[in-house]
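Multiple structures follow.
Both of the next two complexes hold subunit A, though its partner changes from subunit B to subunit C.
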Partner chain A sequence: MDTAAPGKNTAARIPLDPRTKLVMLLAVNIVLLGGGFSGISVIIRPMLAFLPFILLLSEKKYGKSVMYFIFIGAALSCEGFLVGRTQGLLNLLLVIFSGLNTRFVPGLVMGYYVVSTTKIAEFIAAMERLHLPQSIIIPFSVMLRFFPTVRAENSAISDAMRMRGIQAGGKRPGALLEYRLVPLLMCTVKIGEELSAAALTRGLGKPVKRTNICSIGFGAADCFFLVVTTCALLLWAVF
Partner chain B sequence: MDKKLNAKDLINIGIFTAIYFVVFFATGMTGYIPVMLLALPFLCPLAAGIPFMLFLTRVRKFGMVSIMGIILSLLMMLTGHPWVCLLTGIFFSLAGDLIMKSGGYRKWISLCAGYAVFSQWIVGLMIPLFIMRDTYFASIRSGYGDTYADTLMAITPAWLLGVFIVLAAAGAILGAYLGKAALKKHFKRAGIV
Partner chain C sequence: MIEFKQVSFTYESGGRESGLSNINLTIRDGEFVLFCGSSGCGKTTLTRLINGLIPNYYEGRLEGSVLVDGINVSGVPLYDMAGIVGSVFQNPRSQFFNVDTTGELAFGCENLGLPADEINRRVTRTSAELGLNPLLNRSIFALSGGEKQKIACGSVAALEPHIYVMDEPSSNLDVFAVEDLRALLAYWKAQGKTVVIAEHRLYYLHELADRVIYMENGQICKEFSGRDFSAMKRSDLYDLGLRVLSLEELRKLAIGQTNKSSSFLSFSDFYFTYPNGSEVLDIHKAAVPEGAAVAVIGHNGAGKSTFARCLCGLEKKCRGSVKINGQTLLQKQRLKNCYMVMQDVNHQLFTESVLDEVLISMEQEEQNLAEEILEGLDLLQFKEVHPMSLSGGQKQRVAIASAVASSRRIIIFDEPTSGLDLQHMKEVARNLRSLSERGNSLFIVTHDPEFILSCCTHIIQVEKGQIAENYPLDECGIEKMLGYFLDAPREQADSKRKQKVV
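Our next item is the complex of A and B:
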């Protein structure tokens, strides 16, 4: 999991406010999950689908962004050109392939972008500006911090299983659940305890106002992206 | 024991919400096959039963399930589900929380019933399929093509909402028992619970 290395070549990146990123995530998900290739969606959907590509490119994640570009381009053109011209089973298969990918992959990639480029402290600062209560902010930020951990632990469990020649599933579908979830829960409980100890030493949950070193705020880039996504969303909703 | 949620509890809520969401999402991906969509209200609470039961042993305070429900609904909103799911998510998680509270988060019957009520939030995600039926199917037809829309329409008559509710409750109860068994078999022995 490559998270944003703090301090290193941050100047080259587009500095975006976490709130802008959340709005973009929302827009990408609403428009792409909503689906459809009628009317204005023909322009809006591909446009928003390529938003994560541009953002990843700006983060200098070239390999990932190009892969995404090719993938989503193929899925979108499949949905736009092929689905309307086929019938029956082939149609259903194409729908499942292209529909699944155009709907979920942009949102996932966008979510990856948001999580990997935003420091948790920035998230907390942004949510405090939105005046959310602490009892939402703390679990929410912990959760975001935890998705990469769950993924890392999960792949570690896969490795361990492969090394010992255990294949889950097969005869007992319940075993899949047990073999994966139980070790995952074991280590997340441990990690959670360490995490809360670390957070408590930094004064989390004390009735004082915590300071935050991150300076967030809307800049020119934020304005640009906010205007673009809001326009896209409005156009999509109206037409 | 302190009745209010402290920082440690809030962190635990965050961790278990993350795990719940991952399990939920992994199970939910199978819903793209039209027939599997019908089984989702059953499968999701079933699979999430193990983390949920462990979660219940870690916090045991009022608000834990509600906050989890609110955060899950917010995540659903962020991932493009209709806003209705925020209302149903908050309602069902709060109701589940109250039921569990009545048993002090320890009595098995209240935990089981509370989890069954909480799991109804998954049905909330499917409400547009029934209440805003016409507009929903129009958008599906334009996006997924006629074959998918017809298949989906044929397998989702309106009375199915009731079936979903029952299925979600059944899945939750089974999941609760599964979770209890897993706790007994693994976590008690490891000294985690």
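Our next item is the complex of A and C:
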């Protein structure tokens, strides 16, 4: 049974180069994981935190982008306004909530954006332009290919668990993780094995210069996002 | 030309996959050869020797030599065979390296380092020839099984090999997609390509085959010319454990089984829409006899799977209700009263032993009762075995056992016979009949008319999210059901031809 969202078109609405996406991913992670709410961070952190929102919006993922906007908005305002004005247990809870979420969620959402909008061929082409060796490119491209597969398998397993009443509050809650991981591993290993066989019979790994028919390269949008993120990163690092 | 000279092979891993012994065989250029035989007869192994996956990927002990165009396959790396032999595999889910269709079509050519202009030319030409244009620039995850298999064929065709090797390519396809596959194979044959195909479903192939090779225990057992094979009687085929050659034949096989139950299982207000608006289910009222084995048929994308998911209570937003035995089941209760045996049973086996798998499904864990259930499904000898180490059919039976143990009254099967040979199909049919005898109501989503005739008692046909037909499988019903499977592909082919003319 096909559980993936049907009818999805893979063509990105704002065509960004995979390298731009990686730079943004790095910038978002570095700045937000770094934390802090003083000096120039007051502007830079929210700015980068809202970057994934804009990108998701450009992909017409309205529901997800709005949810993210509200969530991260709440977390950031907590950190900025409430943490300094509360005390005791409430303060502790707010620190944990806002601290964890503002640090990790933007990076995760950004990662989701990169994975869901980058074609494998584009990714390989971009990595080759960066002159990375095949031994790095192929495993990473396989990983990128595997995210959606793991997600599809995982959701099928979730369905089966719900149907059998194997869930938190049900029988043997201690073994829940095992029950999920064993079939997931078995299924992904099997798919991986068949996938490699199929790829090898189509010449993957031939020691020649691999061609790429997809066109990647920097456009106006790339320049804009690159300049913005690099400036943000530099300002944050310097001040 | 493909030559097997004194070839024997044993897999290193042991396992269930059977090896080959003493194969001598020559396949001429332009020949269309069909390999058949029950599961584990070695036909898959044979295809792997031609495309070089053995011994380059699957390891084991190989004796003798396999020559393709005079090249010793075991002596060259896989990528050197890529332009000569094109391979299409069984599982459409696991053949794709890319996540977009166009990238996938170009993938092989890119690997071989062909110039970009040449690749673009090939991709354009292949998609025109195989009718893939509507599928270009789509996400692989948004395609149906049939569409995925078409892209897999296209991706191989773009490499322009002169030999095509296919391992059970129709396993996961419905009758309509099989019809498309048949047309594609006929096209390759007309182009003078060599086609080697291992398959269980024979009805779509036997007229194309120049030669049919029947295998048993890793050996070539019988050889037929295509014409002789097509003329074989059904009883002779059944003796060999082979599926029917034409769906027409099934008319003679048909035994009307209907369910005489007077009470009904009824559905009301099954409405469901996916968030993106695709695939809707829209069933206001419907009823089937209680305790029937209901085959759910219909086109791909007609809503059969959605219906099955809603029936199971897996879709929270489907608020409809099911009335059985005077009891009304809403979504949450259905989740407790229905059980789905999934197409990939690996998704639903969680524990470390077969016995555990049954125990965990019981309200009160009772070892004796569990063993009784296992006994009934011929699984008692495996009670301490890890479910994942069983064969596909055995795993399916473990899933059935856990359904029985949880005393669910409605059991749903999602394509339980995809890729099964005659013997295993009959085994599944037997299991289903015994579930029926226990008084369970069964719903079986299937594309397999032979299977329907061997265990179902009622048919519902889902089209465009609605129940288009709902009839018992009596004499009249059998005629109607076979009519659907026989005529639908023809109609489809006709309408395509008309489209082309326009």
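In the analysis below, the second predicted complex is superposed on the first by the 219 of 239 C-alpha atoms of A that agree within 3 Å, B and C clash if a C-alpha of one lies under 4 Å from a C-alpha of the other, contacts with A are read in each partner's own complex, and residues count from 1 in each chain.
Definition applied: a residue touches a chain if its C-beta (ideal position, glycine included) is under 8 Å from a C-beta of that chain, and two chains touch if they have at least 3 such contacts.
Bear in mind the structure is a predicted one, so any value in this text is a computation, not a measurement.
Of the two partner chains placed by the overlay, only subunit B lies in contact with A:F140; subunit C stays clear of it.
Shared-chain residue A:G205: touches subunit B and subunit C both. Of the two partner chains placed around the shared chain by superposition, subunit B and subunit C are both touched by A:S196. Of the two partner chains placed around the shared chain by superposition, subunit B and subunit C are both touched by A:M186. Residues 145, 178, 182, 186, 191, 195-196, 199-200, 204-206 of subunit A lie at the contact with subunit B in one complex and at the contact with subunit C in the other.
Subunit A contributes residues 22, 25-26, 29-30, 32-38, 83-84, 87-88, 91-92, 95-96, 99-100, 104, 107, 111, 134-136, 138-143, 145-147, 150, 174, 177-178, 181-182, 184-186, 188-189, 191-192, 195-196, 199-200, 204-206 to its touches with subunit B in the complex.
The part of subunit A that touches subunit C in the complex is made up of residues 1-2, 4-11, 63, 119-121, 145, 148-149, 152-153, 156-157, 159-166, 171-172, 175, 178-180, 182-183, 186-187, 190-191, 194-206, 208-214. Contact residues on subunit B toward subunit A in their complex (touch as defined above): 5-8, 10-15, 17-19, 21-23, 29, 32-33, 47, 50-51, 54, 58, 63, 67-68, 70-71, 74, 77-81, 139-140, 142-145, 147-148, 151, 178, 182, 186-187, 190, 192. Contact residues on subunit C toward subunit A in their complex (touch as defined above): 51-53, 56-57, 77-83, 85-87, 89, 91, 93-100, 103, 106-116, 119-120, 123, 137-139, 141-142, 144-145, 152, 155-156, 159, 274-276, 278-279, 305, 308-309, 312-314, 335-336, 338-340, 342-344, 346-351, 360-361, 388, 402, 406, 414.
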